[in-house]
Amino acid sequence: MNGRAVRLGLGLITLALMLAALYMVFVYVPTEADQGIVQRIFYFHVPCAWVAFASFALVAIAGIFYLWLGQQVWDDLGYAAAETGMVFCTLVLVTGSIWAKPIWGAWWTWDSRLTTTLILWLLYGGYLMLRAMAGDSEQGARFGAVVGIVAAIDVPIVIVSVRLWRTIHPAVLVTRQGGHGLEDPRMVATLLVSLAAFTALFIWILCLRFVTLRMHTRLGALARSLALAEAAAQD
Amino acid sequence: MTAALIEARALGKSFGPTPVLRDVNLSVEAGRGAAVIGANGAGKSTLIRLLAGLSAPSLGGALLFGEPARSLRPALRRRIGLLSHQSFVYPNLTARENLEFYATLYGVADARAQAAEWLERVALGAVADARVRAYSRGMEQRLAIARAMLARPDVLMLDEPFAALDADGAALAAALVREAMSQGCAVLASAHSAGALEELGFAALTLSRGRLVHAEPSATRQSVARAPLARQVS
Amino acid sequence: MVTTPFVAVLRKDLLLEVRGGQSTVALGALSLLVLVVLVFAFNPGGGEQGAEAAAGALWVALVFSGMLGATRAISAENENGCIRALLMSPLDRAALYAAKLAAAFIFMAVAEAASIILMVLFFNLEFDARVMRLVPAVLLGALGFAALATLLAGISSRLRGGDLILPLLAVPMFVPALIAGVKASASALGGAPMGEFALWLKVLIAFDVMFVAAGYLLFEYVAGEE
């Protein structure tokens, strides 16, 4: 299977889904009664959150495989997932902030979901800083895997504790209640299409990043072989 | 012919693209000694770290007791002694406390008595209860040697064992190594020059540009070359 | 006298601490300073607001001193490369982790005892049953942080500039226990009913179980060299 063809195919699928999603979000879906036009951000905000959390799980799973099998490909996958996930996590926080301002008059609310996403963002950031600090080494890959796994274990407890924190002592600002409260089936459909579009976008970007890291790994191996051959030639 | 206790098979190590060790082959059997000679930065310490299992090879294998050094069972780790550039002793503990601690860790029977005995053997008996922080480099080196040998290992790896030792200290160390070899210990040592180790009957191997070569035979080395105590496996 | 390797390592760490004597004193001093700063920062009154401020201050002090303690515990092994000697010995990696964790926990617990006393003094509280209820929450929090920090310090001590990475990773990971600990402490000090307090303790216990287990399983991957 030609890798380039696959990536091109993924790109086209993403484009198609994105166009469909954009149409549905801006044209098709009705404006929500309470919040007005701003509410449309919801259809970007939620899929980004889903992607950010899923990506984090991927980092942890890749980490487990790396520690177990010791193959560099798993680390490349994990690192690519962390970088890509970080982008979407940032988008969740930014869209959340844009949404909060007109609705609640504040740039940030400490509601349970946004708070959890903030913690996730900090964990991602820590992972990326660690990898940057450790450089291009087997040690960096190993440390990254450990941190990715521990952070993923942490996330469920974060979710639970933050939710308890918010329900027992409600926030100053009124928070969004439980589910999405989507009454109109058109809203549900739009959300699902948007979800699909962002998932496709994530997978596509992840593939591109992953392939780049694989090339980097192979280049490193080639450089090593070259250096060995040069040294042998001088013997 | 007994099986090799310390073995390197086509061992290679690169840091990034830079090769430090290339296609290193050696094997040391019980009761034998191999000396790796090289200049500073030649890769002697890297080789010992690989064989001790502290670092992972880029290519080839480092074996102890026939098993990969990197993932050795605790039962086999008990039978290894390492002397490194770092002394591996806690500066804020006394020499006695250090040895008793390591003896306990290695499951040495009657740790206290054994620690005391080894302190005497390395001539530190008088200062045994002083903190290591106050020791001179030579004293610390002698303590480090005692630490490496007190569990009576079957494999000894010594990175520049005579460094920082005066003539008396060096003689003491040499005697201990000789005794260990006579008891069946396989010894790998590194040094800048071959002299002292060859007198102990070590085979000299030179590490140059990452490769290990047999030293050129000289008058004193001829007798060794005739009956090699360690072989270079090709 | 027969001692297991775990006990031997722990005893060695405690002995080093008694000899060096710096870590627990430094941790206590740091806690004191943090509490002073927070009193100036929040200028707390009495009543429930005072209780919440006191609880928060206590846990901030715990986190800061915990990070210092973990870094110290690991760096003691890096002097003269002793960590390598420990890894080469027949010592089980998990036992090494357990011993390091136990040592860090003991240091933190001692520092926390001092913090609690200082907190009562600075925030104008009473030494009564409510303060006693704090103890399990603080101990559980210290255990959780010690488990987390011991694992992460194994990483940070290996990297140049690693002392920045430890707080960067430890603080977000500790958030659930921090929330639970502060809430439990505030409800204890405010004299709230047991139900809420028990709930937060359960969160702390879950956190501790997960992170001690994770550290136990993952420490060997942190310990090796390149």
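For clarity, chains are labelled A, B and C in written order, and residue numbers in each chain start from 1.
Note that a residue touches a chain if its C-beta (ideal position, glycine included) is under 8 Å from a C-beta of that chain, and two chains touch if they have at least 3 such contacts.
Predicted model, so just to flag it, every value in this text is computed and none were measured.
K.L.:
Report the topology of the inter-chain touch graph, choosing from line, ring, star, complete and other.
P.N.:
It is complete, because no pair of chains fails to touch.
K.L.:
Check A-B against B-C and say which one is joined by more contacting C-beta pairs.
P.N.:
Of A-B and B-C, more C-beta pairs in contact link B-C.
K.L.:
Nearest chain to the global Cα centroid?
P.N.:
C
K.L.:
Look at all chain centres (mean of CA atoms) and spot the one farthest from the centre of chain C.
P.N.:
It is B whose centre lies farthest from that of chain C.
K.L.:
Any idea how many Å lie between the Cα centroids of chain A and chain C?
P.N.:
About 31 Å separates the centre of chain A from that of chain C.
K.L.:
From the C-alpha centre of chain A to that of chain B, how far is it in Å?
P.N.:
50
K.L.:
Express in whole angstrom the distance between the two chain centres, defined as the mean CA positions of chain B and chain C.
P.N.:
Measuring from centre to centre gives 39 Å for this pair.
K.L.:
List, in ascending order, every residue of chain A touching at least 2 other chains.
P.N.:
Only 138 qualify.
K.L.:
Scan chain C for residues touching two or more other chains and write them down.
P.N.:
Touching at least two other chains: 224-226.
K.L.:
Which residues of chain B are in contact with two or more other chains?
P.N.:
In chain B, residues 56 touch at least two other chains, as defined above.
K.L.:
Under the stated contact criterion, what part of chain B meets chain C in this complex?
P.N.:
Of all residues in chain B, those touching chain C are 49, 52-56, 70, 74-75, 77-78, 80, 82, 84, 86-93, 97, 101-102, 104-107, 131, 147.
K.L.:
Within their complex, state which residues of chain A touch chain B.
P.N.:
Per the stated touch rule, the residues are 136, 138, 220, 223-224, 226-228, 231-232, 234-235.
K.L.:
Within their complex, state which residues of chain C touch chain A.
P.N.:
Answer in residue numbers: 148, 151-152, 155, 158-162, 164-165, 168-169, 171-173, 175-177, 179-180, 183, 196, 199-200, 203, 206-207, 210-211, 214, 218, 221-222, 224-226.
K.L.:
Note which residues of chain B are touching chain A in the complex, please.
P.N.:
The touching residues are 12, 14, 16-19, 22, 56, 58, 209-211.
K.L.:
Using the touch definition from the top, list the residues of chain C that touch chain B in their complex.
P.N.:
For chain C paired with chain B, touching residues are 3, 5, 8-9, 12, 15-16, 19-20, 76, 79-82, 84-92, 224-226.
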